[in-house]
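There are two complexes below, and they share subunit A, which is joined by subunit B in the first and by subunit C in the second.
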Partner chain A sequence: MSENKKFRSKSGKERFTRILIYIFLSVLCIIWLIPFIYLVFQAFRGESRSMVTYIIPKEWSFDNFIFLSTKTDFWHWYLNTLIIALFNAVLQSVIVLCVAYALSRMRFKGRKFLMNLMLVLGMFPGFLSMIATYFILKLFGLTSENSVPGLILIYAASSGMGYYIAKGFFDTIPKSLDEAARIDGASRARVFFRIIMPMAKPIIIYTIMMAFIAPWGDFMYASLITFGHEEAYNVAVGLYKWLDKEHISNYFTIFCAGGLLVSVPITALFMALQKYYVEGVTGGAVKG
Partner chain B sequence: MSKLTELEYLGLPPAKKKLYDIGQFFVRLPGNILNFLKKIPLGIWKGLCAVGRFFAGIGHIFADGDWKTRISFFVMGFGQFFRYQIGRGIIFLGMEALFIWFMVMFGGGYLAGMGDLGEQATIKTLNDYGLEVVQYKDNSLKILLYGVLTIFIILGFICTWVMNVKQNYTAQKLIEKGIRPRSFKNDVKSLADEQYYKTLLAVPLLGITVFTIIPIFFMILIAFTNYDYSHLPPDKLFDWVGLDNFRTMLATDASGNDKFAYTFREILIWTMIWALVATFSNYFLGMFVAICINRKGIKFKKFFRTILVMTIAVPQFVSLLLVSKMFSDEGIVNNILLNLGWITEKIGFWTTQDMARIMVLVVNLWVGIPYLMLIATGVLMNIPADLYESAKIDGASGIKQFTKITLPYMLFVTGPYLLTSFTANINNFNVIYLLTGGAPKTMAYEGGAGGTDLLITWLYSLTITNNNYKIAAVIGILVFIVVAVISLIVYNVSPAMKNEEDFQ
Partner chain C sequence: MAEVKLKNVKKQYENGFVAVHDFNLEIKDKEFIVLVGPSGCGKSTTLRMIAGLEDISGGEISIGENVVNDMEPKDRDIAMVFQNYALYPHMSVYENIAFGLRLRRLPNDEIHKKVCEAAEILGITELLGRKPKQLSGGQRQRVAIGRAIVRVPKVFLMDEPLSNLDAKLRNQMRAEIILLRKKIQTTFVYVTHDQTEAMTLGDRIVIMKDGFVMQVGTPQELFNHPANLFVAGFIGTPQMNFFDAKLTKEGNGYIAEVCGAKIEVPDYICEKLDARSSVPEKVILGARPENLLIRPKGSQNTIKARMKVTEMMGSEMHIHADYGGDKDVILRVQTADMDEEAQVELMARSEFEFGIRQRTINLFDPEDGRNLAVENAVAVPKKAENAPVAEDIGKKKKDKKTKK
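Our next item is the complex of A and B:
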């Protein structure tokens, strides 16, 4: 009898904790979703383009999207960003995978030095070097109105330093595979393309995905390189301007519409490839 | 935790062994830090020895080399021509010719200009018709930039020269032993095989050199000049000023004004507080959320996880700018609270320093928790279940299990991640800039800094709005020093960092 009572009280306590956890997680989800719900509501609001004192629009319409497409450079910025993102996805992935393979699989003189060098370089605040990078790009004529190739170049050029996660993944592929192939007479290059690459599919997808998404959110570099040349803006720099004091009263809902058009495809892509993202992030954090 | 003898340790079951290891790591932590500090002078001494050995090596080659090798010291590739390596010889000789041509035509002039960074600034005069005539003369910026490029070309040449000398010597020794050195064709072939790393790394390293190393070197030099709004090329020249900028930042400037030093101290302290609180609040709350979601018996795990992860995908400039506006004076949060009658006057979320600082930390939780939740989930799954089993048998409560097993294990495994996320937070531009832009601005601060400015956002506004490049460069260097010192200590005491081969 007493045994039974003890058992029941324990399960009652357990049920109570579970209810608490459900409440906690639900509240959390709501808090995390509020900004996005707000974003959608504002994007479709028909009346007044400024900020208003209520959340739910009185009038639903596509006016903001029409305004965005006809009266602003939004789609131009969108195209700029898309071009940068596509090129970056290809170039950065190739570079990252090359560096990661070389550092994970091959042992050569200067390897340790190279890894330490990249580590130390990573400790400088990125924006510090940007000022000089700006002048170097200017020597090549790749700033202002030609910023799109310029931005592709600087994103890709320094991407070799972000090899850690891919290297961590390569490290987990048994070395005996390489050795077996090398005994059969395969060159290093052949091992890379025929053996490692097919096995590294998750990390390749992760790298491409991150390289594609990153340029959409970059404000710091893009604002410096494109400074003052609207036609070369990326979406972040373009939309940022609409929330300053002069523009916000006429552009707030336009910003939201633009933000929605940027977020939806990126989020969809991200959710579709979520599995690879989770693998990459957890693997990277655990191995360092 | 008491220290066990070797025998006792070996007698432990594997799960407890692991726990004991983790415990011992934290016990030894202070001692390890001390040991590391002791190692620094030794490291410097070793570095000096290596440099000495290098020169001794080159000297030895000259003494021991035959006449072909010796001539190669001056005419690069000379030896190779006689040692079946004509391809290499041509490349080396070509490089030397190119280098000499460059130095005579441009490099020499660029280097000479580095001394005073230009003598004659742009002259603007009015001509007879009252129109302005601009005569462009020296541009300090270009002189410095070209000078830096020349220095790197010289460094590159020195490396090539050393390679040339060493290869000559190796080839000489091979021939003395009666072995024929590798032909050019095989050289090229080996680039896809045993030297494949050279092929793989060539382009990435070129990119890093041109767009990271050279710019960083250039900006370090800028820290020793007076390049700012009143010395903007091409209209004005700037010049070397030695350590003046560092004095301005750390003590008082030339006119005895210590406002910059004050601002720097305040912002540095806030940056450190921000990085610490942001890292650890995200870490523990993210872990808590992960534990909640992964608890046995909780349903809709995937649903909760998906909603949180979705927020990672949305570009920060959309979500953070929107959140910033939601909490502004005219924003929706204030208005709803007013309408509900919960407050009678608007709350200035971004207008007072303390409030703004708390707000950025809170909003940063919104940014960081989903990310940490993912990582913590990954780690929690990896904790050996038998650790919990044996703890349960010993009668440990849930909280005890957390503090004795989950937490130490998490800290142990994610140590490196904590460090990277700490340094990333020191340089967390997006959250601060998009939320507050550094506001609220205060008159107490110099250089347009505000109450929530981190060193990195201050660096940004000094560059973009104030054109105060010299101070920006100094801040960059100081940030590097802070990050480097912290990282060095942590790397040297953390066991997970030391042996990368252990993971393979």
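Our next item is the complex of A and C:
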């Protein structure tokens, strides 16, 4: 309300700056959209498969998708990634939410230390431990053709460190709700599932989406763990092969078509879950 | 429906701050106990230890037959109403009340019956379908109470349940809690910082200060025979007046002299004084504002005072005055005792004389603040110089952080 008033009472100059801001944002928006539109156009281009200097295709066709489906391992990679992503969405979400809840609500020895440790460890880039991870996985036979479970394990294992945002959210849910539920007869686990979870929908959705999206874009680990076994690739590694010197002239539009397909499940998930991003779920819980 | 016993209960928080020292109390079955004291005195901490929400650093708490020191809250068979209501925002009022029963796996028809009964008692039947955010403050408070009474717990704990309500609603809810208490026969422990709530609700009141229990007693005991200066000052508005008095033995009894006015000490106090090994000469005499009586000019044994401010409250008048130089005193005069002319005349006066209603006085030891006539009275805790207080600990921590 107060903000509205501020805008209404100030005229002229204030309005001018607002117009400037909108223009700026619109321009940014267009700039962000260009690569995506470019990708879509290239994916449907029929006249050649190489890179070209114009954007709008001369001939529209589905040839690239047909080629992708019949002459390459793309759907293999796609399936690999989808499996990894689904598993990761479940495992990582469960782990992240549990860790975040525990760190938000429970007080135990070493809690502070643990949080700081995870924060510091998170500052090192993940690939520093890549070689060690590779050898460990190899020991269990989870590399090369068995990379899918191996990658699931890697992603899930490191996921607890991403507790920070979820913990911040849990911290905003009043503790007295937990306490009321515990007095009502709930165990810690039940408090978590029956009271906290229903209130934490936005953060659950966020966590699931992050967990689902990450595997689609992972290149480093996937390329190392699969170690050249093409049928075990994920989409990022598989598609990237087509961008090197010898392939690019024959595969560029195929690459774009693949990229477009990758965006489908992520977008679909986002659309499906978007409506749960509602605010005000905690309204009326406690007197503020 | 159970006794609750607290034996030498102590609470020390992780930062080293001792919030409750050596708390002893035996709560009888179906008794309504009120914990009262200024903010930060450890009332909530004590309540939360009974509930099992805080660990106990020392001592023993038992509910009924069981020592509950290490028992989970859910196994203690208690219910609690929180200051901020703590309703589950995603559940309807019905589900909020039913939650505890569902966890106990009661059959649905029984749950329904009990929820409806509880709603009936609290007059919230028509709200059962709503979500907490669609309720007013008073309604939320009722739902919170409903959630607690539906289970018929052994002990009913309430932490300042009315302090978020406006004054009118608070009075109304207070009356309802008294009625509620008649309907559901169980043990109550009620925390408040409001002495009116304490006096009107409690069978017995526990007054706390800085983590120490100052006095336990019925409202009457606390009001008429406060165990020490702190209790005397805390209970009753306006505050009790304290006079420096000289105590002398005269015949069988004692005389307390305040600014030349001689006041005969009541017999029951004299008995207690005689039983003591030593009687201090200097004492503090406490008299409530309603026990200071305006006397006609030239009466014997009165104290002269200068009028400062008069507050007309309607049925009574508060007179702020000073006596013996610059010592403040407050008198409370019932306006019904005077006709209107007399009231106007009194308010216009610049000086008057008052006496003290002898029967009602209390004598306190100026050294430790204890009432000379109350056995086992607790001394008013002095702020020990090196004992850490909560704020200091917080500060020290911050200092450390900034140094890093």
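In the analysis below, the second predicted complex is superposed on the first by the 241 of 288 C-alpha atoms of A that agree within 3 Å, B and C clash if a C-alpha of one lies under 4 Å from a C-alpha of the other, contacts with A are read in each partner's own complex, and residues count from 1 in each chain.
Please note the rule applied: contacts are C-beta pairs under 8 Å (C-beta built on N, C-alpha and C of every residue); 3 or more make two chains touch, one makes a residue touch a chain.
Not measured: the values here are computed from a predicted model.
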Subunit B versus subunit C as contact partner of A:D171, first or second or both or neither: first
Partner chain in contact with A:F62 - subunit B first, subunit C second, else both or neither: neither
Touching partner for A:I195 - first (subunit B), second (subunit C), both, neither: second
Subunit A: partner with more touched residues, subunit B or subunit C: B
Partner chain in contact with A:F16 - subunit B first, subunit C second, else both or neither: neither
First (subunit B), second (subunit C), both or neither touched by A:F140: neither
Partner chain(s) touched by A:S187 [first = subunit B, second = subunit C, both, neither]: both
Partner chain in contact with A:E179 - subunit B first, subunit C second, else both or neither: second
Partner chain(s) touched by A:S129 [first = subunit B, second = subunit C, both, neither]: first
Common ground on subunit A, meaning residues reached by subunit C in one complex and by subunit B in the other: 187, 190, 281-287
Touching residues (chain side subunit C, partner subunit A) in the complex: 14, 51-53, 72-74, 78-80, 82-90, 99-100, 103-104, 131-135, 137, 140, 147, 151, 164
Touching residues on subunit B, where the partner in the complex is subunit A: 141, 145, 192-194, 196-197, 199-201, 203-205, 207-208, 210-216, 218-219, 222, 289, 292-293, 295, 297-298, 304, 306-319, 321-323, 325-326, 328, 330-332, 335-336, 339, 366, 370-371, 374-375, 377-379, 382, 413-417, 420, 423, 427, 429-430, 433-434, 455-456, 459-460, 463-464, 469, 472-473, 476-477, 479-480, 483-484, 487, 496-497, 500, 503-504
Residues of subunit A that touch subunit C when the two form their complex: 107, 174, 176-177, 179-187, 190, 194-195, 198-199, 280-287
Residues of subunit A defined as touching subunit B within the complex: 14, 18, 21-22, 24-25, 28-29, 31-33, 35-36, 38-39, 51, 53-55, 95, 98-99, 101-102, 106, 108, 111, 114, 118-121, 123-133, 135-136, 139, 153-154, 156-161, 168, 171-172, 175, 187-190, 192, 213, 216-217, 219-220, 223-224, 227, 235-236, 239-240, 243, 248, 252, 255-256, 259, 262-263, 266-267, 269-271, 274, 277-278, 281-288
